[in-house]
Amino acid sequence: MNRECIEACQKCATECEQCLDAMIDIDSNNDCPRCCRECIDVCLLCAQAMARDSRFADAICRLCADVCQWCAEQCGAHQHDHCQRCAESCRKCVESCRAMAA
Amino acid sequence: MNRECIEACQKCATECEQCLDAMIDIDSNNDCPRCCRECIDVCLLCAQAMARDSRFADAICRLCADVCQWCAEQCGAHQHDHCQRCAESCRKCVESCRAMAA
Amino acid sequence: MNRECIEACQKCATECEQCLDAMIDIDSNNDCPRCCRECIDVCLLCAQAMARDSRFADAICRLCADVCQWCAEQCGAHQHDHCQRCAESCRKCVESCRAMAA
Amino acid sequence: MNRECIEACQKCATECEQCLDAMIDIDSNNDCPRCCRECIDVCLLCAQAMARDSRFADAICRLCADVCQWCAEQCGAHQHDHCQRCAESCRKCVESCRAMAA
């Protein structure tokens, strides 16, 4: 059942939106919050694609895992609470999307 | 805290996507699944607007409640499981969005 | 015909995305690029709502005009090329959406 | 310059939304309008990814070309005006996205 993966993607979109919003005011030394901007749209696309049992769901899950992996690395390098929460939700999304696409 | 409302919107988008996908193959006697198509985008917008604490969050919550109210009425008139689940998630979203915008 | 307004919304989403991406690296003295983040999703929703002749198209056009008006003011206060292009596309979107919703 | 490809994706999203809305009322003998539903979100994601010069733009363009190719085949098999316009915009999007990703 893909419900868990849908929820992981949606939670990731929420955390990335909060991280993006916060990081607009903070100087970044890496690709954060560009990675959050990227994650939001791909995670939401991925969740809807799974919900409709899309024939492209596997391909979109692989793309989503790649984007979230990048975001987990970038945000994970920052100690802000929003970055750490974002990185953690990204790591869960990577794991869940890779399992779906396997 | 708006976490509950974000999750209500995201769940509604998931249920509406499943209902839309199923109803494409089924003759409808009302505005279902057009209402589901409408709900998906507005619910996802609403969730992200709340996540970033948007100055338009209240206005978007009111719009989202209106769209979900319409969808709850349309899908609620059908006995398919996907329509009943969709209508139920819409009703919860209406309640949560109206409380947020109040 | 709403084709002109659809294209104004889509162009605005493009310019706002470019402005958002650029302003992530630049200190802002106002609500830019938060306004761009907001515009992107609302403009894209608005374009799709018009394309499907949604019963909520007028309400969404009014919301879109309000968001774009705010963004035009914020980005218009900056002299960067991307901000000026963004503000100009927002002003056109405001005008077009208000005409649609009238 | 990717402006042409962005506009091809946006036009495709518009035509797919119109085709989806029309086909909800019409019995289909193939995957139309599921293909239109799929195209809308992927085309809009693709346009925004190009606008922000995303590091995933090539991967998203390849995905978009695959989705649009499928949609062009499905809608191209129908003689409705909206299906023919949708198929034509999908074919242009395929060509443009493949050129971008090359």
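Order of writing sets the chain letters: A, B, C and D. Residues in each chain are counted from 1.
In this section, contacts are C-beta pairs under 8 Å (C-beta built on N, C-alpha and C of every residue); 3 or more make two chains touch, one makes a residue touch a chain.
The shown structure was predicted, so the numbers you read here are calculated from the model rather than taken from an experiment.
Keeping to the contact definition above, tell me which chains border both chain A and chain C.
Correct list: B, D.
Which rotation angle, from 0 to 180°, best lines up the CA atoms of chain B with chain C, given as a multiple of 5?
180
Take the average of all CA coordinates in chain A, do the same for chain D, and state the distance between these two points in whole angstrom.
So the centre of chain A lies 24 Å away from the centre of chain D.
Spell out, as numbers or ranges, the residues of chain A touching 2 or more other chains.
20-21, 34, 37, 48, 52
What graph shape do the protein chains here make by touch: line, ring, star, complete or other?
Per interface graph, the chains form a complete graph.
What does chain B use to touch chain D in their complex?
Touch list, chain B to chain D: 20-21, 23-24, 28, 33-34, 37.
Please output the residues of chain C touching chain B within their complex, sorted ascending.
It comes out as residues 34, 37-38, 41-42, 45, 48-49, 52, 54-56, 59-60, 63, 66-67, 70.
Using the touch rule from the top, collect the residues of chain D that touch chain C in their complex.
6-7, 10, 13-14, 17-18, 20-21, 40, 44, 47-48, 51-53
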